[in-house]
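In the two complexes below, chain A is the common chain; its partner is chain B in one and chain C in the other.
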Partner chain A sequence: MNTRKITTIQATAILISTIIGVGVLPLPLFAVQEGGTGAPLVTFLGLALGAIGLVILTQLGIRHPQKTIITYSEDIIGKWLGRFCSLFVILFFFILTGLTAREFGEVVVAGVLQETPLEITVIVMLLLACISCRNNINVFSYIHNFYLPIILAPVLIVVALSLKNANLLYLRPIIGTNLPDMFIGTLTISALFQGSFIMTIIIPSMKNPNQAIKASLWGISISGGLYLLLVIATVSVFGTEEMKQILWPTLELARTTAVPGNVLQRLDVIFLAVWVTAVFTTLFSSYFFTIYSIKQLLHIQDHKMLSYFLFPFIFILAMLPQNIFQMYEFIKFVGRAGLLITILYPGLLLMIDFLKNRRLKGSASQQT
Partner chain B sequence: MVVFFKKNNRMKKPDIGKEKGPFREGGKPGSDAILSASLDKTVAEIQQILGHSDDLVMKYFKVFGQYEAAILYFSNLVKQDSINHDILKPLMYVPEHLKDRNRPLGQLADLIIKETLYHSQAYPERNMEKLIDYILCGETLLIVDGMTEAIRIGTRNVEKRSLTQPETEQIILGPREGFIENIQTNLALLRYRLPTPDFQVKTMKIGRLTKSTVAYCYLKDIAKETVVQEVEKRLSQIDIDAIMDVGYLEQFIEDNPFSPFPQIQSTERPDKTVANLAEGRVAIFVDGSPFALLVPVVFNQFYQTAEDYSSRFLMGSFVRMARMLALVFSLIFPALYVSFISFNPELLPTEFAIAVAGGRAGVPYPAVVEVLMIEVAMEVLREATVRLPKQVGGALSIVGVLVVGQAAVEAGLASPITVVAIALTTIGSFATPAYSAAFALRMLRFPIMILAGIFGLYGVVIGIIFIFNHMLSLRSFGVPYMSPVSPENYQGMKDVIFRAPLWLMPKRPSFLHGANRSRLGKTIKRNEFGNE
Partner chain C sequence: MRHNKHSLVLVLVFFLLLPLLSGCWDAMEMERRANVLAIGIDEADEIDQKKDGEVAHLKDSFLKPKGKLMKMTVQIAIPGRIPLGPDQGGEQKPVLVMSVVGHTLEDALINLQQQIADQVFLGHLRIIVLNEKVAKRGTKRLHDVLRRNPEIRRTAALVVSKEAASQYMKLMPGLDRVPSLYLADMVDNLSALGRFPPSFIGLFWTIYSSKGQEAYLPYLTIKQKGIIELKGLAYFKEDKMVGKTSPLEIGVFMAVKGDSEGGYGAFVQVPDTDEMVMVRVRSRKNKMKIERKNGLPHIRLKIRYECEIDEKASFKMKLNDSRVLKSIEKETAKDMKKSIEKLIAKTQAAGSDVFGFGEHFRAKLPQYWNSEIKTKENWARAFQQLTYDVKVDAKIHRVGMKAK
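Entry: the complex of A and B
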């Protein structure tokens, strides 16, 4: 029986729901902090940078349709160097998983459950991801596919409902003012697209790996479009100066909107509740990526026990930052450093692979 | 295929006990004994095995006035008239065409079966063990002195009830017949609707004591070959002493026994069974059970009814959406209520929030405890009414709902809004057509309620994600449980939330697909009436 069952649509869905996650809440703040009124532009540049990384990764995947980055890196740059680099990749996603869980916990504690200890909310969420990770990659894709509408809908609804408060004047000048800051902002934003790295383990299970590039582009443009929409909406409603005072502008946006007909007094709690799904899918992806890669690195047959084994370590890591500000500093730093792993490293791999192939072809043609 | 189907651990490896021998359970020595030629010896042997049951009839007579013979049968399992007229009469009174012929012992069996008996099911048999089986199932044995084989005659006639409306699946529009206990009648009901050579019925015997006839049927070329094979494999691995109902089988062949969700659908309706066969499913029957099992299933089947398809599509779709709403209600409504009241009252419009707070003023418990209490009371009440005779049941529900509910509110045990919320939930769970699926949600309501009590809305969402993830990981005979939603299939999606018009669904569901996928003719999708 063939195991290549993931369709192009499922791959797209996995990308979208992996990318859209905790980042939805602080994203407009990140963009505004560095870019000012150029926030939408910064977001767009971040999106473009993320897309380049993803395209590189997808190209690598298409060149090696049976393998993931963990296994083909061994072919390209040698067994030991490849494994050494893979270790960093795994470590990075391990940290990302922990930070996602932590960020989620912080939001929940600040937003809804003020009296519940942070540890409890983090543990519950991690446990949910941990148990779900025991499934195989097909179920993994079913789960992402299933939750996709639930992830897209709340953001779109909030954006649509908030449009009546928008003021286009807040968006100008579009170019922004401070170019070096904008560059850093671009890096920070594109770090939010790092979840797209999941593509590398999807391609070997895709029904049609040649369609992977299509899935990648659709996935990143839908999720990026949503992010862009969100930044434009928040900036046009609040203005840049006010936004710098708000930790989670998206949540604030949900708070200022009201449902017509007075069905519910406030939207933010509902928004947060549904947003839990988006966080879950992101956490699920990075958790899954971590254990799946460890499995491939160590050539383990079964990843079910690994999922439980990793759980306490991720939890401890999630508890490391002292407070919310340290956490966000940490997230930004790890995110930017991660670009080396998610964009530069695949870029180098692709280049070496390309040159190697050419040389092989060259020597082959010389011989004949 | 190995990857496709989860290994079923509950199934024992096929062992010797499976061969249906009548002596294995009774402790008698196993015998493959072949009949002896002596009548007395054979009869004595049979009597020794069967014991001296008073309903065992043994009648000695002479075949054609020539040969000593006996017939044996259980008087309660046959129709006496038929034995007298169709078997005894032609045997004792030599028929016209045989009068002048020589009737040697060597050809006697042939002569009796082919030229004498007025019965279509008469066969020679020489294996003692099998003969015992046949007589126990209601057949009549004819043993003639000097012949080394007996003749068995299919005279089984068991009382059965008449066809009635299915009690568990009532509908307003559509056929009224339901299955009954007798498997032959049930298969006849299917044959009557499916006069096609593609309709295949395979039978086997399961149960060391009950030796129940189990039949699985499918439409060749429409059902997936691998699914049919899997059904046969799983059924043939069952080794149990008694099968009382098709539910016994279900527990042996389902994929994940620890899941609260049913992975096999059971139905009482022949029309529904036929519709499912035509979609490519396999139906399983057991003699003695008025239910058929349908495999493989997907979750959306459990909130669909036969009526959805026979009524016009707008009506069917609307009713189906109402039912889905009821399904959601029965799962999360009390949990939402708890989390709104105890965690986020600010979500409610102010006037309503004040009204709720006013209603809850005298209640000493937190909302979770209050809701749990009423829910448990409701479960008890429901269980009590199910088994009562109809006349008493009405009275009890009045006492339960009106008196206890009203009194609980007045006594300050519960607030009126709680009672409303629980009532809605309970009614919602009654609106789910499949009892087993409704039961799953009824059960899962409690953990979600408790999560809501601890974490509020966040807990509810976590609970729901957990349940959905579980459902997404389930498989029924290799088919993902949540298809066609995820994995996605746009043809199939036309029949999930709403039901598209029949002429817009030209393909059979692809997740079940066998070789033949088209449901409708190729050229004409729908007659355009009245468009001139």
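Entry: the complex of A and C
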């Protein structure tokens, strides 16, 4: 059986639908809180930082086309140190999965289903991801491909229709005023691109691993472009000061936007209904990454059983934050700290791998 | 054995289907909801002051917010009586009008819920009418709950009324079966017709939050029974209404603000005669340059009008000459310039930058803004010292189908 089935386009689609997720809603607020009118610039810098991390990871993957970060880290920095670091990677994505589910539940409970208990929305979503995770990586990629258009379309429609209310003055001055804050903002935003780490388990299943870098760049620029569009649209409609008062500016944008001709006077319910799929694919990816990595770390044959085993732990983790503010403080902190894992750690690995290879080559040429 | 397994699966499937029976947690039947279509807010008078509900607080044990009570009058749709298509007969009133008092809007809404059986639902709220007195006292205390509640539409209309807001709730305009829908449509259509700049509650919040501009709302008054008139534009300083303009000044305001949709017309005297013609604005173009002059903010405004002549008010005068048209253009421009300067001076005196000049300074001169202005209060002060040059250019291209 040929296990290398994922094409370059499929890999791109997985990246896009993984990156676009719950973050879509608070993203403009994060950008404005730290960057003021420089929010689009902050988003762009965050995107660039995220892209650098992804390129590093992809390079590593291309150098070790049969392995993921869990397995090649053992080759590069030694068996035990590698496993120790992998533990952190897994833990990070485990936390990310829980927080994604919680953030989803929090939005649904505040925005639409006010009577439904938070636990129910979180359980349902987690269960969905949990059951889907029992599939192999090919089905994983089909599911992502299938949902991609549904994820992109509503955001684009809302942005296009909202531009009627836009005021370009709100976007100026383009370079914000407070540089240290902008730097923190850049870190927060690039944390939203951490889902791209999924690339490391895709590469071993790609038909043509050498094309992985192409898939990475396309994936991150399409999803990042969408994020950028969203920030520009929300800032130009609301202005920075009003946005600081809104928890989910994107949702508010959908609420302000009407389809012309009195067809729909507010788009938020439709937007939310479709946004659920975007959350699902993100959750699906991080869940899948967690159990797939545990499987590789422990050298288990099959990851299916792990899926149910992790479920209660993720659920408990999701329930830990006491309220929405605590949750966002936690998310921002975890996201920024996670950059050490998703950018710095692969960066170090790549450097060591590179030096090691050169030494190997050097000693090989000396011998001949 | 095989049979047993089969039935076991069947039983399991039944258990799986069981949760579906419970239905949606948030299921709510339409007729179990009290759909609030419009809210009117007044200050409570002496008699109403005593009606304090003690629902959200007790007189002694729970503290209550300071300040006067407000009176909220709501229009609630009666299920089944909202006409959906063309006349469905029946002379029953489609809405129920109720009044409650409260310390805050949410307090009033809680008091309202205490009085009706169905759950209050604000998702169909189309218009909020504020009495002039409430607007002058400050609208701050209303906005929090409106922003927080996910049911509220950001596109709902917010207007200021001369009369008590409760009167607007009781109005029965002849043109529409549902009074509040007529009111809301009126506000929406006014901006489509170029009678008023775009105005809805979300926009009000956006402007109110931003540092370099002040909010404005339509100012309505009741003419005769059931007839409402747009009487001007209420301008705010922060959350308090500080003044209003005349209806024609709305057009002037739109010109300065840069709205291209024309709609207003005015009488212009034809030079060297006593005769008047009605000149109506079709569209406008607005160019604004900002700078600092002697340390003070300065704007140079250039407005170009495209007009048409709708009517001449006398039979004696002939209007068939391009030279006459030119002179009317000049006269129009002169009149417009005067009224623009007058309006700017008026808002300057009130310290209310409804035109949003401050936003231009914030956006284009960030250094000046960050070193000297920074806050809304500072800008209000700087705005009062703002100097301006206004240049108006009027062009008349159409005169209709009459040759003379």
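In the analysis below, the second predicted complex is superposed on the first by the 367 of 368 C-alpha atoms of A that agree within 3 Å, B and C clash if a C-alpha of one lies under 4 Å from a C-alpha of the other, contacts with A are read in each partner's own complex, and residues count from 1 in each chain.
Here is the rule we use: a residue touches a chain if its C-beta (ideal position, glycine included) is under 8 Å from a C-beta of that chain, and two chains touch if they have at least 3 such contacts.
The structure displayed is predicted, hence computed values, not measured ones.
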{"item": "Chain B versus chain C as contact partner of A:145, first or second or both or neither", "value": "first"}
{"item": "First, second, both or neither for A:252, with chain B first and chain C second", "value": "second"}
{"item": "Touched partner set for A:266, first chain B, second chain C, both or neither", "value": "both"}
{"item": "Which superposed partner A:157 touches (first chain B, second chain C, both, neither)", "value": "neither"}
{"item": "Touched partner set for A:334, first chain B, second chain C, both or neither", "value": "neither"}
{"item": "Touching partner for A:110 - first (chain B), second (chain C), both, neither", "value": "second"}
{"item": "Partner chain in contact with A:166 - chain B first, chain C second, else both or neither", "value": "neither"}
{"item": "A:241 touches, of chain B and chain C: first, second, both or neither?", "value": "second"}
{"item": "Partner chain in contact with A:217 - chain B first, chain C second, else both or neither", "value": "neither"}
{"item": "Residues on chain A lying within both footprints (that of chain B and that of chain C)", "value": "112-113, 116, 265-266"}
{"item": "Contact footprint of chain B on chain A as seen in their complex", "value": "1, 3, 5, 7, 9-10, 108, 112-113, 116, 121, 124-125, 128, 131-132, 135, 138-139, 141-143, 145-147, 262, 264-266, 269-270, 272-274, 276-277, 280"}
{"item": "Chain C-facing residues of chain A, complex", "value": "37, 110-117, 120, 165, 169-173, 177, 237-242, 244-246, 252, 255-256, 258, 265-266"}
{"item": "Interfacial residue positions of chain B with respect to chain A in the complex", "value": "1-4, 343-344, 346-350, 455-458, 460-462, 465-466, 468-469, 472-473, 480, 482, 485-488"}
{"item": "Partner chain A, residues of chain C touching it in the complex", "value": "25-26, 147, 150, 153-155, 198, 202-203, 205-206, 209-211, 356, 359-360, 362-364, 366, 370"}
